[in-house]
Structures are given as structure tokens and as C-alpha cells.
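Here come two complexes built around chain A, the first alongside chain B, the second alongside chain C.
What follows is the complex of A and B.
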């Protein structure tokens, strides 16, 4: 239990992780209206990973899943862009069609911000958020593994193999 | 609205490599064979769309592709928001993308056999396709900020490719050098873009050309852009990263890293001719290009003379080849506003641009055949190699064709473009033509030494294994292209190179 921190830290972490993730999702969903967006929201979500790694000193066995999640987010992003190819790539084909993302656009000028008017922008923000949260979590995992903050793994990297 | 796949091809040239780059790691979880197939499909599809775009440009003329608009071709550019991303599909972009995709397909096929024994290949293929998307985006884009984005994508992906075999300390060192230079370069590019945007409030090439007036700040921005893109194009005196990066990257991507350099050179020419240079003072920037070119030619070839490492030798030769293009296009730029442009300026431009497409292909062939030698013998020193013609006859022929082509021996393709350069540059200044000829002769001496040391002589039994068939196929593909360029230089110049010169010099669509 050398890598685990005290019970107080772990309990506070457990409580804090939930609002951090929710705030991250808020930033992603409101990306087209307020400062923030996919990258920022994803980074906030990844900071919850940092908290968990520091408090518990382990990462679980989800490295491959995160890696796939990263690729999945990017693939869907490009697919969303390519679907617009009927007009042009990155054409916002959902905007103004009604439904969850395609609310009618308000006229120009000051308005309170309508959340359902983003069209493909909201979906793309979601995909970028998925990608960034997974990628930054992986980066945190890599760095904490090397810095001795986490339980070292059994595998030897090729560079160490060569030195031997 | 009817869907015209030809008009959409620039977007596909960008979108297909990106899509397949991110698909590869996903498919890799299913099966490794399937991943290789997906990678191949991505490469071939990209080349296919390059073909479609070339056909459309050469038959119908150029067009602007506006991303996110409700129709691809703008009726009136000013009616769009100033910050919409546009792609320029003109004959110059055709020349650039054809050069890039020939090398990419050959290097990709070559990778199958070459990288078989390495681990983490899904990331290798992802990085390969990302670099392809980055270089294509860089030469196609019609927007300064978008150019910065693709510049960074190319830098990051190709740095990671150089450092791919991270168990070799030297690879990591080369990649670090490359990364530091690219990142500083990227920041300076961003700074100069800021200088332009602060003055004129537009980033689009077409709009920028109309508004630039040639103030001191414009000259500052142009100077920064020229230096950074000349650095990325591995021109002397900013060439020091190139030999390291070229010789330490995994062999199959070495020509591809060289292609990112050529892509930067294409961008440099487009900025100099289409955007900033013509409004500032072409004769000054043209003279600067000529000086950089002559310096690269001399430094590159004299450094190549003393190399004993086969891959470093070719890397220095590639630096000297970049000098030819910069010198020839520099002559075109320097004479742009005078009557001399009609006399010999266009010819110099044709020679320079024809040399670019030639160089992209035969340099790749030379690199790939040298890598095949290193792959089967595991020896890089020319002093220890010898007698390989007995064991690897095909590779010997491929290397010989590449070597004679880079030295400009008639009738090979390198000769036709170099002849155009000699003829036209002589009229500008005989000294330049003499330098070019002398450098060409030293190049012949260098490749002659390399060929003699590596392939000729008694059989020493150095080859430990056979060259895999996919590697032979990749080299064979490039050889076929070199032979096509050799047989029909007139056709290439009149159909691809001359329109590219016109598109480069003329106003944007």
C-alpha cells in the first residue's frame, strides 16, 4: 500500500471526481456558446484521472481501452466531417433541422444562448472531448509510471532491454 | 444538388488519410493483417483522389474549395466570411500532391516488408498517414493559419516517425533536434502570421494578395517565413537536422521525411510567388533564394564527399539537390518583373519545378535501395560493404538508376531537368551555371564511390537475408516512374510542369 495516500485524501477524491467530470461535460456541451469546448472539457475530465492516480497510486487495466477510445473519438470526428460531403466537408448539415442538436438559429444580436443550436459542432465537440480526455489520461498514466508515483509494471521497455 | 466527386477531391485528399490514420489503431485490435490492408487502402485511395483532382485541374482549370460552405466553389469569395478555410486546387498543388503521393505509396508498400519485425506498428501506420495528411494539407491549403496547423501536424508526426525506433539512442537524438527546430520554426511562423493578420485582418491567400502593400512589417513576416520554410526544406545553412533525421529514421520512412522537406519547399514557393513575395520586391527575395540555393548545393555535395555512412551520404546529396530547385526558382523570381522573365525566367522555373518532381522520385528510389542494403547486411559503413551485386541484383539495378539520375547522366530524368536549369541559369549569370555543373560532377563522383564500394567487387557474402518482395515492389514502382519521366520529359513538362509554373506566377483563382 506504499503508493496509496491516506483515507482522507481518498475520500475527498471520491467526492470531487464526480463534480469535476460533470464540469468537464458541461464545458464540452456548451462549447459552441461559452468559452471552453472539446479540448478544454476533455482536459478537465482528464484532471480527474490525475486525482485518482495520485490518491490511489494505480490506474487499473484500462490502458488499451483508453487508447481505443482516443482513436474512436477521432475517427467519428472525421466521419462526421465527411458526412457533410454532400455540400462540403465540415458542412453543418444538422443545423436548423430541428431535434436535439438542430434547433432553429436565433436572429443575430444578443440572446441568452440556445444550447440546441450547435448542429454538428456539438457532436464534434463531444468527439474531441472523448479523444482529449482519453489521450491526456494516457499521458498522465505514462508520466506517473515513470516518476515513481505509481506501482511500477513488470514489463521492460525495449530501451532497457538493449542496455542489458 | 448533384454531387461532383472531382470537385470534392481536395477534401478527400485530406480526409481519407486522416480517417484511415485513426481507423488503423481500432482495426489493429481485431487483427494485424486487416490493419495492414486498411493502411494500404488508405494510401491507394489518397493517391486515387490525387489522380481525380489532377484530371479535373488539367482539363477544367483550377478552383477554390471552401470548407463548411453550402457549396464547394464560391461564386464570390468576398461574400464568404473571411476566416473560412479554403483549399486551392490548381496545377501547382497537382504537381506537389503527385510528387507526394508517388513517394508515399512506394514507401508505404516498402514498409510492409521492412517494418515486419518491429513492435507498435499500429502507431507507425497512424503516424505515416498523419504525415501524409499534413503534407497534403500544407501544399493544398489557401489560408495562412491553416498552413500553420498543417505545418505543426507534419512536424509532430514526422518527428515521432524519426524517433520511432526509440531503443536506438541516436534516433531519439535526431528526433529531438528536429523537434526543437520545428517547434521554434512553428512559433515563428505563427508570429509572422500574426504580423500579417494584425495589419490586414485577413488570412486567406487570395484576399491577402490583394491587400499587401509591402510595408516593413510585411518584409519582416516574409523574411521569417522564408527562413523557416527553407529550414524545413533542409537548405543550407539550416540543414543540420536533415542528415541526422534522414539517416536515423526507420529506413522505409526516410524518403517520406524527405518529402516533408519538399512539401515545405512547395509552400515556400507558393508564399513567395502567390502571396507575399510579389508585393514586396521579387528581385530581393529571388536573390536570397539563389544565395541559399548555391550555398545548399556546395555545402551538401562537399559534405557528401567525406561521408562513409551510406544513408548520411544520400542525405547530404538531398540537401544539395534542394539547392538546385531553390536556385532555379530563385532565378525565375528575381527576373519576375523584367523582360528577362519571358526570355529565360519561365524556363528556369520549369526546370526548377520539374527537378522537384524528379528529385522526389529518384531520391526516394536511392534512399529505399540504400536502406535495402542496410536491411540485409546490417552494415552502414561504405568501408565495410562490398560485392553486394552478386546477392541483390535487383537492388543494384534500382540503386544504379537512382544514382545516375541524381547525378544527371543522360538520358535519365535528372538530366532533362538539370539541362533546363543549366540553360536558363546561364543566361542569368554564367557563374551559377558553372557552379551547378561542378556540383553535378561531384555528385557523380559521390554516387560513383557509393555504388562502387557497396555493390561492385568480389562477393563477400555480406547479405544475411533476402530482400522481401514488398520492398522490391516499392522500389520497382519508383523505378517505373523514373523511367516514365526519362522517356517522356516533354510530356511531363508540357502537361504538368508548365501549368504549375503558370498557376504559381499568375493570380490565384
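What follows is the complex of A and C.
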């Protein structure tokens, strides 16, 4: 109880966390249409982590999940870039083919935008968003934990970890 | 002495900045616009994307973005390494006290 904030703060956090995460996801998947993108959306999602950490003083035991999400995002980003190696790295091999994210714009010039376009740009936005949100959440979580803002948990010493 | 050096440095830098401001081209008319025109036309035609900034980030300069993502990854690795939990074994503590 020592690390939690008051009931008012916790209730407001419960209400606000969901719109913040949804707004972050919106920024990520509309990265090829509107201002924003993977980095910005990931930072918005990570801010919800900061809110949870401040209000509740604990974040569960999701360190390994966040670590693997981050590694997964970066790996898939590099793989997506490498698939285009036939012509060049980061070649946009999906755009204009007609499949998922391969649609064509309704018209050149000023147009309302169409979310099923962009090819690798949209997919890479997703991957970068995954990576950035997990990475910034990890940094916030680790720093607040070591500065005494969060309740300590039972830890495994390095030697025991090796044995397991 | 220090004050006079500061005044001279201020005047020199101010002269350079004022000269640059006087010779600046008007807004919206860059000296070389070939690259801008290429990006503005090519992005919608070839990549089918509306957001030119995102197209530059993830297509034309994708390696740059890869570097950014790698920097973030190494930053997280550094934070996790520096702030990791270290529980000293009892044997080690005995050695340290001796």
C-alpha cells in the first residue's frame, strides 16, 4: 500500500489508460496517412506505462514479455527490410500489388487517404511501434523500480538464474 | 579581460548571423528544389503513400530508421545492464569484508 497513490488517482488512471493506448495504436496504424508513426505512437503507449507505474507502484512481472516484444519488433523490422534485397534494402515490394496494404491511392494529388496502402511502410510502422513501446516501457519500468518508486519483488540472484 | 573577449565573440557571431539573415532566401523558395520535387511527385506515384515524411523515413532513408531502432535497442540493453539486480553471495561478502 505504501507505493500506491490515492484511490482518486487510481480510478482516473484506470479510465485514462485505455484511451491512451488506443490513441497510440491509432497513431501507429495511421502512420502512412497522418502525422505520427511508429516512434510517436510507441512513445504514447509507453506513457500509459508511466501512468500505471506512478499510480499503482507495481507493474507485475512482465519484464521478459517486454524484452521479447522489443526484440521481436526489431527482428521483424530488419527481416522486412531484408526481404526486399532483390532490388535494394528497404525496397517497397508490397505497394501497388493489390494485396494487404498493397492498394492504390484513389487519385494522385490531394485525396482523403486510404488505409490499405503503403506496403512495407505500414508494416514497418507496426514493427517500430512494437519495438519503441516495449523499449520505452522497459526503461520507465526499470528506472522507477531502481529509484524506489515501485515495490520490490523477490529477485533471483545471477548464480541461481544460471542453475535454472 | 574575460568580458572583452566575450564582447568580441558576441560581435563576431552576431555579424555572421546577421549576414546570414540578410542573405536568406524567402520562405518557400529553396535554392535547390530538385530533390523536393522528386519526393513530392514520386511518393504518391510509386509508393502509393500520402505521407511524404513517413515515406522518407521508412523507404528512402530506411537505413536511418534502422539505426534509430538499433540505438533504442542498445539504450535499453544499457539500462537493463546498469540497473540490474545484484545479490551478493554470502561467500563473496565474506571475501569482501576480509
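Here, the second predicted complex is superposed on the first by the 148 of 164 C-alpha atoms of A that agree within 3 Å, B and C clash if a C-alpha of one lies under 4 Å from a C-alpha of the other, contacts with A are read in each partner's own complex, and residues count from 1 in each chain.
Here is the rule we go by: a contact is a pair of C-beta atoms (placed from the backbone, for glycine too) under 8 Å apart; a residue touches a chain by one contact, two chains touch by 3 or more.
Model, not experiment: these values are computed from the prediction.
Participant: Considering only touches as defined above, state whether A:100 meets chain B (first), chain C (second), both or neither.
Facilitator: After superposing on A, A:100 lies clear of both chain B and chain C.
Participant: Which partner, chain B or chain C, touches the larger number of chain A residues?
Facilitator: Partner touching more chain A residues in the overlay: C.
Participant: Quick check for you: in the superposed arrangement, does A:68 touch first (chain B), second (chain C), both or neither?
Facilitator: A:68: touches chain B, not chain C.
Participant: Check the residue A:79 against both partner chains and state whether it touches chain B (first), chain C (second), both, or neither.
Facilitator: first
Participant: Could you say whether A:90 touches chain B, chain C, both of them, or neither, answering first, second, both or neither?
Facilitator: It touches chain B and chain C both.
Participant: If you stack the two complexes on chain A, which partner ends up touching A:18: first (chain B), second (chain C), both, or neither?
Facilitator: neither
Participant: Can you give me the overlap between the chain B contact set and the chain C contact set on chain A?
Facilitator: Residues 67, 70-71, 74, 78, 81, 89-90, 92, 157-159 of chain A touch both chain B and chain C.
Participant: Which positions of chain C touch chain A when the two form their complex?
Facilitator: 44-51, 53-55, 57-59, 62-63, 65-66, 68-70, 72-73, 75-76, 79-80, 83, 85-87, 89
Participant: For the complex, which residues does chain A have touching chain C?
Facilitator: 31-35, 37, 39, 67, 70-71, 73-74, 77-78, 81, 89-90, 92, 95-96, 103-105, 108-109, 111, 113, 117-121, 124-125, 128, 131-132, 135, 138-139, 142-143, 145-146, 155, 157-159
Participant: Going by the contact rule at the top, pick out the chain A residues touching chain B in the complex.
Facilitator: Listed in rising order, the residues of chain A that touch chain B are 64, 67-68, 70-72, 74-75, 78-79, 81-82, 84-92, 157-159, 161-162.
Participant: Write out the stretch or stretches of chain B touching chain A in their complex.
Facilitator: 1, 3, 8, 11-12, 14-15, 18-19, 22-26, 29, 65-72, 85, 119, 126, 166-168
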